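Both complexes shown next keep chain A, but they swap its partner, so chain B is in the first and chain C is in the second.
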Partner chain A sequence: MPGLATMETNTSASVSPVVSFDICETYASFLKNEELSAPLAAILALSKLIETSDAGTMLELVKALNDGAGALKASTSNPISLNAGCELFIAFVTLLPHDSASFSDLKLELVRQGQKYAAEALTYRDKIANLALGFIKDDSVILTHSYSRVVMKTLLRAHERKRISVYVTEARPRGLGLRTYEELTAAGIPCTVVLDSAVSYVMDKVDFVLVGSEAVVESGGLINAVGSNQIAIIAQAANIPFYALAESYKFHRLFPLSQYDLPTHTSNILSFPLSPGGNVASPQTTGATKSAHEKSSNADYIRRMTPEQIACNPGVDYTRPDLITLVFSDVGSLTPEGVSQYVVGMFAG
Partner chain B sequence: MSATTTIIMTAPPSKSTIKLVPAQSHGEASSSQAQNQPPKSQKQMTKAERREQQERQRAAKAATKVAGPQLSGPNQNAAQAKKGAPPAASTSASVKKGGKGPDGKPTKETKETTSDDSARGLRIFSHFGLPKPPGPSKGDIHPAIIRLGLQFSEFKIAGANARCIATLTAFKTVIQDYVTPPNNTLSRHLLTHLSPQITHLVSARPMSVTMGNAIRELKLEISGSDIDLPEQDAKNLLCQKIDDYISERIIIADQVIQETAGTKIKDGDVILTYARSSVVEQVLVGAWDDGKQFSVLVVDSRPMLEGKKLLSVLSAMGIPCTYLLLPSIGSVITEVSTVLVGAHSLHSNGAVFSRAGTALVAMMAKQHSVPVVVCCETYKFAETIQLDSFTKNELAPAGDIFSSFPLTRSKDTLTLNKQPNLEILNPLYDLTPPSSITAVVTEVGVIPPSSISSIPLALGRTTL
Partner chain C sequence: MATDPSSVANQRVVETLASRLRRRQVVGSRETALETVLVLRQVISKVRFSNIDQLVEIIRSIGRKLVEAQPKEHTVGNTVRKVLHHIREEYHTASQGTAVVSTSKDTLSIAKFVLQGQPRQQNVPQKTTLNESHGMLKENDADDPDAFARTLKPVLMEAIQDVLDELETVYDNISKNAKDHIHSDEIILTIGKSSTVEAFLKAAAPYRKYTVIVADTAPSYSGHDMAQSLSSAGISTVLVPDSSIYALMSRINKVMLGAHAILANGGMFAITGSLLAATAARAHSTPVVVCAGQFKLTPQWNLYHEYGALDFADPSSVLGFEEGNLVDKVDVVNPFYDYVRPELIDAFITNDGDHPPSSVYRLIKEAYDDEDYEL
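Then we have the complex of A and B:
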């Protein structure tokens, strides 16, 4: 069936309209499942790609996988954790020895392994929660940042047996900290939202800091929602332990040398405006600001950043390994040095 | 005590003659002087008398010097205890040795005072030993090895990679020329045949970690070679293995490092590098060829001034370069985006042993939050732990000899190191602590310094 064959080769190369398999769509549909994080969704999407691929050799298959991964990366502005999942799966496909009767058997095996891994990975959050439990004492005051599923699980698990109270940062601009606040309060955990700028004010009241992660990098450092680095620096200055929770599929071979070495850093971020009148604002926004000014002349009037101004800001930042006390993962509680040893061993071996 | 002293110092003029052989007149004078005043031990002599004695001995020494090597008194003292002194100085050295023995304590004390005063700077580094021109070779040294030894001692071949490749290439010649004696196996006898060659190279210049690792691998291969193979086949196989080693661990590793480190260079960057590392040169050239627009600051230091060679290569390619000496690094460090340096060796605790001055560059960069990236192949990994630059280091040959590398002026033109109170010290290497390093780029990936010990693991073996 030559027609079908050409269609299939088209799909593995790019997102074309005449498609029986669109990797970005598949990825998006997997993401809808609340439990699945970006790397897992990527792994499942890539397994689906193998399932529907007609590659005849390993080389073709790996190329198709790389193309698919490339398409996924291009579709989002923050590809870091997604990348981690893709790299893990592709490394699994290429590095581990597989013995199967035929190539199609091998493909089925790979798909099965991918789905099995994703299913098992859903249990990782529980493992991490149990591990971190030992570090949470009764009457602990915990500071957390933004919203993280694994942190939520840990806090809820801790709440079952111990008394804890939680400060959560607002995490502008997306305001995910408020979501954490709602869920914790619903569970009965005393929780207060603190401003991002009030972290140093609150730090001396805190027993330890607990954050989730988008990715843990090869240096042992952490990539997480912007603001994590600040909290880590303040925690170190105040001698408060800073714990990061990360599933092992978030370990990434990236090695940023600085904040500006991250793949998410574009020339637009932190750039100065070209025109002297400030950032180019749409007439709509300008109008809104003007009318807001007219409405109230109070000194208490709260100004808001325009979306253009927010776009000049980063979404994630990099926390150096020397600021992190421990990384809790399904493979155990690791020091940042241990993380890099694990990553080197896993990807180079 | 003084009685003994009297006997020794005044008695048979022959003894003192032995001490100061060619300068009989001085010897007579000193013994008569010693007769006039009751000889005292060091502590009892006044400063003036001690100085007098030193002057006498210095004059005697100057007279005994026949030719050449400007290795002065302290060097002889420090060195002769360990290694055979070079032929030219051997007469005075052996004379001194003879003088030391029978004359006992006082003589030794005076000798040591003399050497003390002028060797005070060198005493703390006396455990390094000093480089010497390769002495008369003992045993069967292959001409290729002799040539290599000379090239090493004159620094015509310098740099960890270059030395290792040159050593292995020379060993290939040695192996091909080797003939197994009857009733012996290649795998056993070749090792004993190679030992004096290796010793000769070490005496020319202390072995680098790279050479050590390579030779260890070679010995492993030799001892594992099949007994049943005909000799020529075994030799060819060994040469093939050597070629593979050079190709895999050095050449190809360098290419991988070039690509990986190249990704860390972005348009508009200012890269700072120190002295000359062959790997860093490759990285910069490769990145420029890829079309990246950056500029380079080459930091250099005396006496080797290796940076000049790197500068000429980079500017020939059109890369905008700035050249400065190490003391002025403070004024430019704020402009730098990344520091790229090479390494002589990498240690288990994450410390990097590299050209003297690298530690200063790294620490300065760290102070200003500039990332420091070390480019290093995995075969430079040493399982030892090194905590300071002091316990293990190498001194460049002392004195003005090293005003330029390789040696272009005759040794007779130097003036500086004939001064008795001045000792010139040139350690070649220093240790950069892991806290100053941001990342190490190897062919197995980019590794933080705290995880250097996992490199053998990454290569899939328990030892390197």
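Then we have the complex of A and C:
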């Protein structure tokens, strides 16, 4: 552990005129970059925080970083992958052995490291795509879930050399599967959208399942868009490989034992209405849906979930490690046990 | 350089082994591994090089040639990778003294932090104690291009000797704990004639009284030799047909298999019938234990295992020409290896400890360098 640096340069830092540094805003502005995923944006935002912070000691700096991470976490309903980035960066900051002459030098070095890593990490998806390519045979039929940038990259890369066809789940409620569908079809890959509820129907036609990830946790399990878990269970039952793609900055020190241990789980999710019928859509929303559909056809109007009903549902779920065949990451193709080795290496001394 | 007499001799050695591999005059994973090390040793002792990259490239090109000659003998490639790993290691320790102390430049980056985990304390003092006493390693010396080779060769020879020693003692090291794995009055099923399993079972014989059931392993019937060898060592041995494996499984305490190659996901290629035995064992929850040397660890994930077999043997042992009128009416295949999935294996007993299939990838990461996975 690096010792606490002396405070000699405290004055020079506090002179800087920055007063209103808003970490959430900075984070949001980084996220606008399509290529940057949440953990990287978080690392960049925290680097920015170091740059503007007037902390004079390591203790102050780490506290500022933790506060910043806390603020980021509070600003979003799904802090999992963002957390992974913050955790990685803060662990790095506290453990970096350094020989900087002054504390401001150290801060500069930390900022530089953060930015360097974010730049480097942008190449990770390519690395993963190349790694996964070896596992994709010619004429493969692949099932994927929702939308993931690394999965897209892998599929497009595979399409350059091999014939592949893809089933993608609709991934309600956000319907991101349709985005996958559009992009793959535009690239000329045969692609069909399947209902989330039709996964078991389609499974026997599939060679393997390929999903992205929100985070990979210490047990080697996977946190990803809701529905991944059931796909993994069905794939296991059908004896079909289930591959997850995860950049190493998504390795997260978390050990959920069930779905309800996830930080995204709130008491609202899956709650029953207090009064009977209280959860049923209010008359006016039903009316709105109805009138919209009445124009097209009166007879078969489609029942849809209301936003309130959707809000009672989880956005991500946890897939147990024993259901995952392999995790492809930029550090290599790993068995789920392999992931925990890396997480332990980083966070447990 | 091609006209250099030593390199001609080197080429000849490599070509000889390559053609013997191609003709299947060298078979068996340990045999091919040994031959490969010997060839590499001979080549390195004669070859001229003035920096490490040249040497590595020479060895890789030999490796490529040998692997191409017989891609189904995985241990050839593995041995080349292992030798390369040792060479780099020796080079790094040898060059540490000469290189300007690189601690200051060598700061931790986040990517490295992810890869290697927390910085370890012991790295720091180790570098400072090494002084320049034996720092004579000079790469690309224009006046004396052989200087680098001259200083490095003795340590390289030692490194190769280590690989050779490992191969030579592999059976002893695997079977040294045999009596802890086999208990009295156990009934063990094995299949085919794996020298590793044979040595393992024999090593336990003086300490334990147990029974081995050997499947006769058609169509090679290598089980017959195995049964003979075991019974002559005083082990009570029963020879059974392959078709009775499932029926007998309920009475068996443990299945012991040999391996042809162990893949990075923990699966393995083994003689045909292994999958049958492993699946039957799974149905009865009987443990499946694989005895294999670490030179069989292959940095490949099973990719095209749908065909179940990797190699095909002579079909005449399945259907001979004496049945002439049948021969042109049917296709006969005689697959030689089964792919056994990692889920079906409980443990690997190796010359360096016992490991579950899930940690095979880690052993592979330790044994070889990542850049050598593709030779």
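In the analysis below, the second predicted complex is superposed on the first by the 309 of 349 C-alpha atoms of A that agree within 3 Å, B and C clash if a C-alpha of one lies under 4 Å from a C-alpha of the other, contacts with A are read in each partner's own complex, and residues count from 1 in each chain.
Going forward, a residue touches a chain if its C-beta (ideal position, glycine included) is under 8 Å from a C-beta of that chain, and two chains touch if they have at least 3 such contacts.
Quick caveat, the model's predicted, so the values are computed rather than measured.
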Partner chain in contact with A:K205 - chain B first, chain C second, else both or neither: neither
Contacts of A:R304 with chain B and chain C, given as first, second, both or neither: neither
Partner chain in contact with A:S340 - chain B first, chain C second, else both or neither: first
Which of chain B and chain C A:K162 touches, first, second, both or neither: neither
Touching partner for A:L257 - first (chain B), second (chain C), both, neither: first
Which of chain B and chain C A:L326 touches, first, second, both or neither: second
Touched partner set for A:E218, first chain B, second chain C, both or neither: first
Which partner reaches more residues of chain A (counting touched residues only), chain B or chain C: C
Doubly contacted chain A residues - partners chain C and chain B: 336-337, 341, 344-345, 349
Residues of chain A defined as touching chain B within the complex: 218-220, 253, 255, 257-258, 261, 321, 336-337, 340-341, 344-345, 347-349
Chain A-facing residues of chain C, complex: 104, 107-111, 113-119, 124, 264-266, 301, 303-304, 358-359, 361-362, 365, 370
Chain A - residues contacting chain C, complex: 43, 88-89, 91-92, 95-99, 109, 113-114, 116-117, 120-121, 134-135, 137, 248-249, 251, 325-326, 331-338, 341-342, 344-346, 349
Contact set on chain B toward chain A in their complex: 264, 338, 369, 371, 373, 438-439, 444-448, 450-451, 453-455, 457-460
